[in-house]
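See the structures that follow.
Same chain, two partners: chain A is paired with chain B first, then with chain C.
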Partner chain A sequence: MNRIVIGPFNRVEGDLEVTLDVESGIVRQARVTAPLYRGFEQLLIGRPAEDALAIAPRICGICSVSQSLAAAAMLRAAQNLEAAPNGLLTTNIAHAAENIADHLTHFYVFFMPDFARASYAARSWHPAIERRFKAMSGESLREALPARARLLETMGLIAGKWPHSLAFRPGGVTRAIDLSGQMRLIALLAEFRGFVERALFAAPIETVIELASCEALEAFVEGAGAAGDFAALLRIARDLKLEEMGRGPGLLMSSGAYLGPEGHLFPAGLFNVADGEARALPFDAIREDVSHAWMRDTASDPANAETIPDMRREDAYSFAKAPRLDGRPVEVGALARQGVAGHPLIKDLLRRAGATNVLARIVARLLEIALLTKAAETWTRSLQLNDRFCAHDAPLQNGAVVGFVEAARGTLGHWASIRDRQILRYQIIAPTTWNFSPRDANGTPGPLEFALEGLEVGGDGASNIAVQHIVRSFDPCMVCTAH
Partner chain B sequence: MSVLESGASGWFEELRNFGVELLWHPSVSEETGEEARTIMGRVERGELKLDALCIEGSVLHGPDGSGLFNRLSGTGRSMLEWVRALAPLADYCVAIGSCAAFGGVPAGAPNPTDASGVQFHASEPGGALGADYLSRAGLPVINVSGCAPHPGWIMETLLALSLGRFTQADLDRFGRPRLFADHLAHHGCSRNEFYEFKASAEHFSERGCLMEHLGCKATQAVGDCNQRPWNGGGSCTQVGSTCIACTSPGFENMRGYHQTPKVGGIPVGLPLDMPKAWFVALAALSKSATPKRVRKNSRSDRVEAPPTAEKQR
Partner chain C sequence: MAAHETFYDVIRRQGVTRRSFTKFCSLTAASLGLGSSAATAMAKALETNPRVPVIWMHGLECTCCSESFIRSAHPLVKDVVLSMISLDYDDTIMAAAGHQAEAILEETKEKYKGKYILAVEGNPPLNEGGMFCIDGGKPFVEKLKWMAEDAYAIIAWGACASWGCVQAAKPNPTQATPIDKVITNKPIIKVPGCPPIAEVMTGVVTFITTFGRLPELDRQGRPKMFYSQRIHDKCYRRPHFDAGQFVEEWDDEAARKGYCLYKMGCKGPTTYNACSTVRWNGGVSFPIQSGHGCIGCSEEGFWDKGPFYERLSNIKQFGIEHNADEVGLAAVGVVGAAVAAHAAVTAVKRITTKRDSKES
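The block that comes next holds the complex of A and B.
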C-alpha cells in the first residue's frame, strides 16, 4: 500500500488536502481533509441574532450572498415574517448573479485549465484548448473575466458591493429599485446573455435550456453549438470518457432554490439516481457525525449541536463534520438541483451513466447558467416598482429556527436557537460539508471519497490527472466546508 | 476574490500590463500539489526571488501556539510557520483584507483559534510577524484592509510597489495605504443631504441618513468607498446598508451592527474629530431647519418629494 498526499490542492476555493491509499495502481481508500478551522459558529454564540447578517457572509468570499440569505431566512423564521415580493425577486437576481459568477469561475478559471496541461499534449484537441483555456493566459479569460465582472455590476446596484453586503434583510432588500435601476439591470443581463450566447454556448440560451436528451446534446455539439466553449468541453469529455469518472454514491438533494412570491424556481426534494425518482426531502433527518473530525463529541442533530475543536481525537483527519441524511451521504450542487427539478437532459445523463459523474456535474452547472440568466431576466421585468422592497422587521421570537438556501455548490443550512434576541446556538452545514465530508462512524465515506475509490491511477500516483478532474468536478468551497 | 473583477480585459491581462508575474496563487495557478510545493521550496531556499508576499486570511496561532488550525495542505506546516518563513525573504509583504491585516472576523471574541493579523492584532502592533518586522525593502506589512477590500485598493498598491513608488509616507498608523485610508467612507455619500439635516432613516430601505438609528459608521471609518464605484456603481451606504467600518481594526468586536448605540438619545460614536457639544448643537439646529422635502424623503424608500427649485419660465 502506497499513501499519497496531494496538497495544496489548488484551483478550488480554500484549503484542500486529499490522501490516497493506492494498491496495485488502484485507489483503495481516499481521505479528504479540510485543514482550516476558524470557528464561525463559536463566534456567533452570544451575539445579537441580527449580527449573523454581518458575520455569516464573511465565512466566504464567493458564497457570501448565499451565507447572507441563509442567515436572513433563519431570521425571517424567527420573526415569523413575510418578505416583500419585490424583495424576494431582487434577492433572487443578486443570488443568481453570484451563482452564475461562481459557475463561470469554476468553468473558466478552475476546471478547464487542466485540459490545457502538458500531460495532454499528445491529444489532437490540445493546441486549441491550450490557446483558449491555459491557466491565467488562455484567450477565453480576456472575455470571460470582464463578462463576470460586468454581471456582478448587478450586485453593485442591488447590494452596494460584492462580496459581503448587508443589503439582504429578512424582509427583502435595503434598496428599492427604481425605473433607472430596473433598466440598468435589464441592460446588464442582456449584455451577459450576449457573452454566453457568443462564447460559452455559441447558441441561444433557449436552445441550451431545451436540450432534452443525451442525443439532443450530441447533436448540439456537432450542430448549433459547435463553435462554443461548452461544445469544446463536451468533445473532450467524449475522448476522455469523463462520464465514467468520479461516480457518486447516488443520492442527491436540494433544499429549494430561488424563493419567489410563488414558491421556489427549483423545488426542494431528494433524487435517487438508481430509480430516477424525486421524493420529498425529510429535512429533519439531517444529522452530523464527528467520528472522523477534529471535533468534540456533540449532539448529532444540528439544532442541538456544538462545534468545539479537539485535535486529539483518534481517527480524525478533517475539520469537517460528516453530514448524513438518514445515515446516508448525499451529493449536492447544480446536478442535484436539476435532478430534483427533473430537467430532462440531466435525468437522461444520470440514467445513461447510472451514477453522478464528472461530465454530468459540469453540464448541470452550464445548464444552470442558461436557466438562471433567463430567470433573472424574468425577475427583473416582474418588479412592481410602486410596491415596497422590504418588509419592516418584526420582534424576534425565542426558540429554534433554521434557514435553508441553495448556494452555487448546493444546500446550505443555518440552524439557530435564539433567546432574548441573542444567539444561544448556531450550526452551519455548507454544501461542500456534504460533498467533501469525511467518513462517518460506520466507515461510510463521503461523496468525494466514494468517487475516488476504485480509480485506476497506475504508476502516476499524485500526478494522475483524473484525480484533478474528479475533485474539481465538485467545485468545492473549502472555506465554507469547516468554517 | 474581489480582485478577479479588476481590469477591463481581465485581471490576468492587467497583471501582465503591470509586468507582475504571479509565482503562485491558490485559486488561479496551474501548478498544484507537488508543483506548488516546489515553487515555495525554491523561494524558501533563495533560488526564486520574491518581490511581494501577499497574504489573505487571518493567521491562526491556535491550538496552543501550534498554528495547526490552518495547515497549508500537503506541507505538514502551519500557515503561521509559512508566513514567518517567507516574509523575511520578500521585498514587500502585503496583507490583503482585514483578516490578514488585523485578524478580522475570526479574531473576534472569543477568538476561538487565537487569530491575529500578519503584523497587528486588532489595533495592537505585533501579530504573526511581530511589531519590529520590516520587509527586505524596509517597510512594515502593508495592510490593504477592508472586508472585502476594493479591487482598486489592491491593484493600485501592487502597481505602486512594482514601480518602486510606494514609501513609508504612503502608509497610515495602522499600515494602511493612504491612497484609500486618507478618506472617510462618509465622503461623497449620496445620503449627504439627509446627514446634514439629520433627517434619518428609522427602518431599512428608507432613504434617510443611516447614522442616527441604523448603526452606520461611515463618519468614523476610513475608505474612499463613496468616491469610487464598487461593482460598477454601488457602495454600502448608497444601497441603504450601513457601513460597519470593515476597514478598521477591531470591527469584528462590535455588537449590534444595525443599531446605533446611544446615551441620552445622542449617538455614542460621533464623527471623527467632532466634539460632542458641537454635534448636539448642530444636530438640534439642522433638525429644526430640515426642509419638508428632505424629511419626507428620509422616511420613504423612494423620492416622494422631488426638488422644486427650478422656476418655470
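The block that comes next holds the complex of A and C.
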C-alpha cells in the first residue's frame, strides 16, 4: 500500500488536502481534509441575532450573498415574516449574478486549464485548448473575466458592494430599484447574454435550455454550438471519457432555489439516480457526524449542535463534520438542483451514465448559466417600481429556526436558536461540507471520497490528472466547508 | 538587450501595446493622486527597473480580497497589473500545484532575496500550535515567517491581515492574529477593508512595484492616499445628515429620498476609507448608496463594535464639527444635539488616541 498526499491544491477556493491509499495502481481509500478552521459558530453566540447579517457573509468571499441570504432566511423564520415581492425578485437577480459568476469562474479559471497541461500535449485538441484556456494566460480569460466583472456590476447596483454585501434583509432589500436602475440592469444582462451566446455557447441561450436529451447534445456539439467553449469541453469529454470519471454515491438534494412571490424557481427535493425519481426532502432528517472530524461530540441534530474543536481526537482528519441525510451521504450542487427540477437533459445524462460524474456536473453548471441569465431578465422586467422592496421587520421570536438557500455549489443551511433577540446557538452546513465530508461512524465515505475510490492512477501517483478533474468537478469552496 | 527582465518586457510579451502602456501610466498616476510628471517617471521606472516578483499567500481568510482584486474596474489596469506582477505564487489561480508550487516559493526566496514583495491575504491562527490553518502539512504561521524573512516589504491585504477581522471576534476561538504581531522586522503596509476596494489594491501594488518603495503611510500603517478621508465627509448623503433628515426604517419614504442612514446604524462617521469617492464594482455604487449604512469594515475591531443596527452613541461632547452640524440641526430642530455631535468627534478622537489607549 502506497499513501499519497496531494496538497496544497491550486485553483480551488481555499485550502484542500487529499490523501490517497493506492494499491496496485488503484485508489483503495481516499481521505479529504479541510485544513482551515475559524470558528464562526462559536463567535456568533451571544451576539444580536441581526448581526449575523454582517458576520455570516464573511465566511466566504466567493459565495457571500448565499451566506447573507441563509442568515436572512433564518431571521425571516424567526420573525415569521413575509418578504416584499420586489425584495425577493431583486434578491434573486443579485443571487443569480453571484452564482453565474461562480459557475463561470469554475469553468474558465479552475476547470478548463487542466486540459491545457503538458500531459495532454499528444491529443489533437491540445494546441487549441492550450491557446484558449492555459492557466493565467489563456485568451479566454481576457474575455471571461471582464464579462464576469461587468455582470457583477448588477451586484453593485443592487447591493452597493460585493463581496460581503449588506443590502439583503429578512424582508427584502434596502435598495429600492428605480427606473434608471432597472434600465441599467436590463442593459447589463443583455451585455452578459451577448458574451455567453458568443463565446461560451456560440448559440442562443434558449437553444441550450431546450436541449432535452444526450442525442440533442451530441447534435448541438457538431451543429449549432460547434464554435463555442461548451462544445470544446464536450469534445474533450468524449475523448477522455469524463462521463465515467468521478461517479458519486447516487443521492442528490436541493433545498429549493430562488424563492419568488410564487415559490422556488428550482424546487426542493431529493433525487435518486438509481430510479431517476425526485421526492420530497425530509429536512429534519439532516444529522452531523463528528467521528472523523477534529470536533468534540455534541448533539447530532444541527439545531442543537455546537462546534468546538478537539485536535486530539483519534481517527480525525478534517475540520469538516460529516453531514448525512437519514445516515446517507448526499451530493449537492447544480447537478442536484437540475436533477431534482427534472431538466430532461440532466435526467438523460444521469440515466445514461447510471451515476453522477465529472461531465454531468460541468454540463449542469453551464446549463444553469443559461437558465439563470434568462430568469434574471424576467425578474428584472417583473419589478413593480412603486411597490415596497423591503417588508417592515417584525419582532424576533424566541426559539429554534433554520434558513436554507441554494448557493452555487449546493444546499446551505443556517440553524439558530434565539433568545431575547440574541443568538444562543448557531450551526452552519455548507455545500462543500456535504460534498467533501469525511467518513462517518459507519465508515461510509463522503461523496468526493467515494468518487475517488476505485480510480486507476497507475504509477502516476499525485500527478495523476484524473484526480484533478474529479476534485475540481465538484467546484469545492473550502473556506465554507469548515468555517 | 537588457541584462534583466523589466516590467515593460513582461507587459509587452503579454500583448499589451505601447499605446496602452502609456495610457496605463497616466491613468495610474492620476488614480494615485500624483501629478502628470509622475506618469513619465512611472513609464521610465517600468522600462528600466527589474521586475519584482509578488508572492501572494493565503492564511485564515475567505478569499474576498482576491475576489475584489481580480475585478479592478479599468480593464487595462487589470490586464497590465496582472501581467506585471504576474503573481508568481497564488494558489487560487496559479497553474502549479503541490511540490511544484512549493518549489516556486523556495526559488523566489533565493533568487530575489530581499527584493520580492510578499502579499498576505488572511492571517495566522496561533492556538493549538497554529494547526487551525495547515498549509502543505505545516502551520501557515511557519510558512508566513519563512517567506517574510527575505521579502523586501509585506502587503497586508484586508481586515484579516491588517487587524484580525471576524475570525478574531470574541472569543477569537483560533487566536487569529494580525500579521504585524507575528512579523516585526519588515515594513508592512496595511490595506484594510473587508475586502479592500479593487482600485485601492491595484493602486498600492502598482506604486510599490513601479517605484520600489512604499507610499506614504499614516500612523496606523495605511497608505495615506486612500485612507485619509472619512466616509462621512465625502458621503453624498451628508447634506441630509446636516439637515437632520434621517431614514427611520428600511425602504421608508425617507429611504427613497436618499436621507442619511445614521439612525440605521451607519458607521460612516468613524470610518476612514475611499468608498464614498472611489466606490465599488467599477465605481457603480457603495453600501450607503444601496440604502444600507457603512459597518466600518476597514476599521480595527469593527467586528466587535456592533450591534451593527444601532446608531453610534458613545460620544456626548461637542467637537470640531459642532458648528456645521448644529446649523443644520437648528434649521430642522428635531434631532438631539448629541446625535449631531456624535461621531465626528468620535472619529477624530479615535484616530489620534488609538496608539496610546485602546477603546473599550
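Here is the rule we use: the second predicted complex is superposed on the first by the 483 of 483 C-alpha atoms of A that agree within 3 Å, B and C clash if a C-alpha of one lies under 4 Å from a C-alpha of the other, contacts with A are read in each partner's own complex, and residues count from 1 in each chain.
Throughout what follows, contacts are C-beta pairs under 8 Å (C-beta built on N, C-alpha and C of every residue); 3 or more make two chains touch, one makes a residue touch a chain.
Predicted model only: the values in this text are computed from it and were never measured.
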item	value
Fit-or-clash call for chain B and chain C when the two complexes are aligned on chain A	clash
First (chain B), second (chain C), both or neither touched by A:127	neither
Touching partner for A:263 - first (chain B), second (chain C), both, neither	neither
Touching partner for A:194 - first (chain B), second (chain C), both, neither	neither
Which of chain B and chain C A:443 touches, first, second, both or neither	neither
First, second, both or neither for A:5, with chain B first and chain C second	both
Touching partner for A:454 - first (chain B), second (chain C), both, neither	neither
Contacts on chain A seen with chain B and repeated with chain C across the two complexes	5-11, 13, 15, 17, 35-40, 42-43, 47-48, 50-51, 53-55, 58, 61-62, 109, 113, 134-137, 142, 145-146, 148-150, 152-153, 155-167, 169, 171-176, 309, 311, 319, 388-390, 392-393, 462, 468
Residues of chain A defined as touching chain C within the complex	5-11, 13-15, 17, 35-40, 42-43, 47-48, 50-51, 53-55, 58-62, 64, 84, 109, 113, 134-137, 142, 145-146, 148-150, 152-153, 155-167, 169, 171-176, 309, 311, 319, 388-390, 392-393, 462, 468, 479
In the complex, chain C residues that touch chain A	14, 58, 60-68, 70-71, 73, 75, 78-79, 82, 86-87, 91-98, 101, 125, 128, 131-137, 165-167, 169-174, 176, 194-195, 249-251, 255-256, 275, 280-282, 284-293, 295, 297, 303, 306-309
Residue ranges of chain B in contact with chain A within the complex	1-2, 4-13, 22, 25-34, 36-37, 58, 60, 63, 68-75, 104-106, 108-110, 112-113, 115, 147-148, 203-205, 229-242, 244, 246, 252, 255-258, 301-302
Footprint of chain B on chain A - complex, ascending	5-13, 15-17, 33, 35-40, 42-43, 47-48, 50-51, 53-55, 58, 61-62, 105, 109-110, 113, 116-117, 134-137, 141-146, 148-150, 152-153, 155-167, 169, 171-176, 178, 309, 311, 319, 388-390, 392-393, 462-463, 468
